[in-house]
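Structures incoming, each one as structure tokens.
One chain, chain A, links the two complexes that follow: it is found with chain B in the first and with chain C in the second.
The block that comes next holds the complex of A and B.
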């Protein structure tokens, strides 16, 4: 286990971790904007810089990407580091002074601004890249990306078009530190044409990504529960039955067979649209068994049973 | 025909030598892009027509660029019994006269630049031409005086697309030598003893880089040649590759043997289309004769090369951004450590070197590291190719030993254009500081230039007394503003804000405190930027404020 020194405190670190992880594990706070424990370190915001002394040479390194080595001496809050962070925060204030994270950092580091000498862009996006990375690494959809170089860089969907890879999960909105990503769930959206308008039902709308999803309505309870396109994608990728997402998860309750009432006629087996019911021998008779993992919860069998032996569990 | 051993290469060399010292008259036209842009194509075609018209027994070859950019198109004539004569500024209108004079066995003295009587190649062989009186020798010709050509030894001499001619100048002998008698460790020791440092700008010792890659155990390793040239107004790497592409390939093969790699990439900037074409053609030719591919020359060494075109961004010359681009990802630098020599392309140990570094390798192997180290000074060994440009009398590409004083290079270029005085000069590309004229006594030396906060890269740009340094700094900041990848905040936002301040200054709206603000950014931005592009971004601004403060101060109102 490598022995390192952070701010004069001797720490035994574990192998294959970064300076930031060790510091935070030992209650030493280093500010970050583009770091998330669930993602690969990106090293874009450079707020996490620390002084690293290695072989007698002092360098300034980003702590979120720098791997721990034996004998490192690390200083996280020297004048040089504070000055560097102040410059970064000052630059961010001019790009967009409104996000709370930026204001918090500015007051903590005593940065006033934005500087009136420069143009103030008033943008909310700080280009930390968390949404892009989350979409790539957690959701694995790769629906959004960076585009442009230098000052013109922005996060967007490929070619600014509505992305076909987006599954509308909203992870980007959840992870965004400045609430730049605008996700709205509209219960009664209207489709407006010059001559006409009609209600198309509930939609999930991402203004930022130029993307809109129609939301699937549950056949049982009538509540909207999830965007239609990603459900189709999941269904294909997981080899699920075609009607699997006709009902919402809370309505997807497999029916229960009362074996005393059941005649063993096999009508439910014939009528089940997806073949989730099979007859199995129970004692001397044949009784239906419902395969819960395949059942879509359509409850067609409940309606079709001649003696009412099939009921819905816990319906009340 | 497949090359099986050194005898095959010698056979090729004999073929090539017939071209370099032909029985009949040989015209060569410098047809790199620099020549073509000055009309070399017209010269070449007119030459062919005129030769056919006058029934002259002669051949015409398109060769690379010999570095005399100011007098393109350059035509060289080898006639039996005469010296090799180099003519400058041979426009198509002058061709008929040239052909008639050559046919008579004479020389146009007012057009001739210099003569060459012999060429000595790396393997010790020489080509002797006759002696023609009345023309100065190449060693007396000012732009060439003081040059030592190791990297550029074949520039303008051989047909870049001819493997035979390259072999005649000692090409592939270094490869044959290491394949037959050397171990990887010995090759690396040779490179270490030469003191060769990376020619891309950072100056990292090449031998050390190779050693790290060799000592990192891995099932696969890569060699990558970085030719993503993006410096504004400088085209030195293009000229090098176009003139002698096989030298790059041989250097890469030696590197691959030394670290145990079997796959290589040449990453070529999208602007260097002709260089890319030549490399692709030659890789095909070498694969056909068995110098690339499986089991080269009957040994266990296998190597293939792929040419990849870059997106054209300046940042793609940064080695980790280059690796990202090769993998198909965004052209952004990766965090370091781990360094590419340990974990590079596709997570495997990778040696990334500049093309100029690779071009030094065959010579080092063939003549030994000690011979190479005899050029240059302590800490900076060997030679350096520089494109001399800007406000100079003669635009040149020169190769001089390290340690040469900058004023000597300026002298080769004929001083400042129009008899003006020198105000400043920039060495080391857009990220190098602009130094005042009084510093021309500085030697080309990694440490000494590093102390002046500049570096040794591909160009030397001269600026005359009329240059406005604020506008010059704005030009470079604009370049960085556009070329920054935008990944990290200090570079992305900083370049824009610095540009805004400089715009105020240029419009005469400067305020007190502007210069202090600019200087206060230098340290933090240097500290926090992820890659060298961001770290060097402010060098042109801070160096001009320090060295030419009066240019700034006259723009700041009271």
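The block that comes next holds the complex of A and C.
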């Protein structure tokens, strides 16, 4: 285990981790815009710069990509580092002063405005690449990518056209730190977008990606809850019963346990992906209870019950 | 400060053994389990021990002591009491689609001894209780988290969340361990398959064959082409058997198979006067074993880190060795590393990964050969049953032993012999590919 020093504190770090991971594990805050624990470090925003002293030499490095080595001394909040971050935040303000996350950073680091020698672009996208990475690594759809080089670099769908690979999951919208990606769920309304494109609901529309999807509407509450296309794909691949996605997760009733049939073997308790089923005593035997507040309605327990004691109740 | 020195998650045969052994060594230990009571077996399990036979790195010696049996684990170096005698079983059968059977018999030494899992668990639980161990039942551990110097255990009980802390954690929550999954250990494991099972314990069974276990297959017996039934003698009486099925999901297929077998199949007449005394179920998920079953202050023991089930023998060994390892760790020694070394040099599938295929062959063998071929082979083998005194007939070597026996008959047709030889040498990937081809041909 490499022994390192961060801000004067001696820390035993694990093998094969980065400075950022060790710092966060020890409650030392380093700001970053392009890092997500679930994704490969990319080093795009450079906000996470720190001073690294190695063999007597001090360098400024991006902590999210710098691997831990024995004997490193790291300083995360020196005057030099604060100055470097102020310049980066200034440049981000030049790119676009509107995103809240940039404004918060500016006020924290005392940056009053964009750098005067560059013009202000009013862009929301800071080209951190989180959406591209999430689409590739988490969703594995590869529906969006970087295009162009240098100042022209931007995130888009291939050839700026509606991507056939997009499944409309909305992960890009969720992960975007500046809320640049415009995702709208339109229940029934008709809407005309600035590009004169007419949308007739219920659809999920990504104006940023020139893409829209028909949305499944919950039979119970009437709210749109997911793009129909991935649901259909998922229903087929997981062999779910027909009508599984007729209701949204919040309206889904937890399955019902027939205690007379149930053997009390605990298969459902063990198999429930999120641990929503607990055992309760019933005389000499034990029977499962499904806690509604935790149940996601995935119905895996229904598939895994060996006697068919767990069933989906009819909605009357 | 920590709530406990050690928390044991999952109190089956492994967890109970670890808890009582730690308590005997005066460690402040808590056992957590999702079940409502720990002195009863709720999960399908047939209890058996190989006496005086090398199996999974241990050579157990059973010593009958009046109405008790003393079990000596010679290599691990400890002994236990089981509060009842254990019946010796000398026969093992395979029953084909048309009802023909193939017999494996032992003359000098029994194949194995049987016991009741509930009696076993009850004995271990009361032993732990006498030593003063405390348990938290009806509690489901949903997450474990490393904290400086120990582990935080997050659980759900009566619908509410709670947490406890400990210095060391023993995860013995079984094949589908939530802790193993949450910690990300399963990401690097090969997945072999998932098989829900159901088990009926029946008395009054009129089985015409001398007492032994039966492996039954074929559409006439099961009502479907794939799957199998295990009938294992139960210690409840001379006419008592545990009848167990295993199919692929959805799990309800098991119920249909066992009901068909006991009520409608060509062998249903065995069960005309029989009654079910106990029903149980389980979901068996097979992964390749974890080579380094510990991380930080957490150690994964028994089924939790294993390929398939370690059985009662392995569970007891793992529980004992884990308790020894944890006690050493608490004293500042490298107990977990010693356990890992023992783990990798004891279990057959850790020493030789090919044993995993050997184990799976027992289930795939008959399906691959086909119903008619099995009838043909059973006819030939009826002349001279397999004597198992010199051959290894445990769960890992069963298929190989049977194939070698069938190949020893010179009259076996060359095409069948070729298939048998393929089966003997094949690894699991090859076999599954062959079966998939066959299934596609059938569809066409």
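Going forward, the second predicted complex is superposed on the first by the 204 of 316 C-alpha atoms of A that agree within 3 Å, B and C clash if a C-alpha of one lies under 4 Å from a C-alpha of the other, contacts with A are read in each partner's own complex, and residues count from 1 in each chain.
Criterion: contacts are C-beta pairs under 8 Å (C-beta built on N, C-alpha and C of every residue); 3 or more make two chains touch, one makes a residue touch a chain.
Quantities reported herein were computed from a predicted structural model and do not represent experimental measurements.
Of the two partner chains, chain C is the only one touched by A:306; chain B is not.
Touch criterion not met for A:31: it reaches neither chain B nor chain C.
Of the two partner chains placed by superposition, A:177 touches none, neither chain B nor chain C. Of the two partner chains placed by superposition, only chain B is touched by A:152; chain C is not. Looking at the shared chain after the overlay, A:255 reaches neither chain B nor chain C.
With both complexes superposed, B is the one of chain B and chain C in contact with more chain A residues. Of all the residues in chain A, the ones that touch chain C in their complex are 263-267, 269-271, 274-275, 277-281, 284, 286, 289, 291, 293-294, 303-308.
Against chain B, the residues of chain A that register as touching in their complex are 41, 43-47, 49, 60, 62, 65-67, 80, 83-84, 86-88, 91-92, 94-95, 117-119, 126-127, 129, 145-146, 148-153. Across the complex, chain A is touched by residues 34-37, 40, 42-44, 138, 140, 142, 156-159, 173-174, 176, 178, 196-198, 249-252, 254-255, 279-283 of chain C.
If you check the complex, the residues on chain B that touch chain A are 313, 330, 335, 337-338, 480-490, 492-497, 500-501, 504, 511, 520-521, 523-525, 527-530.
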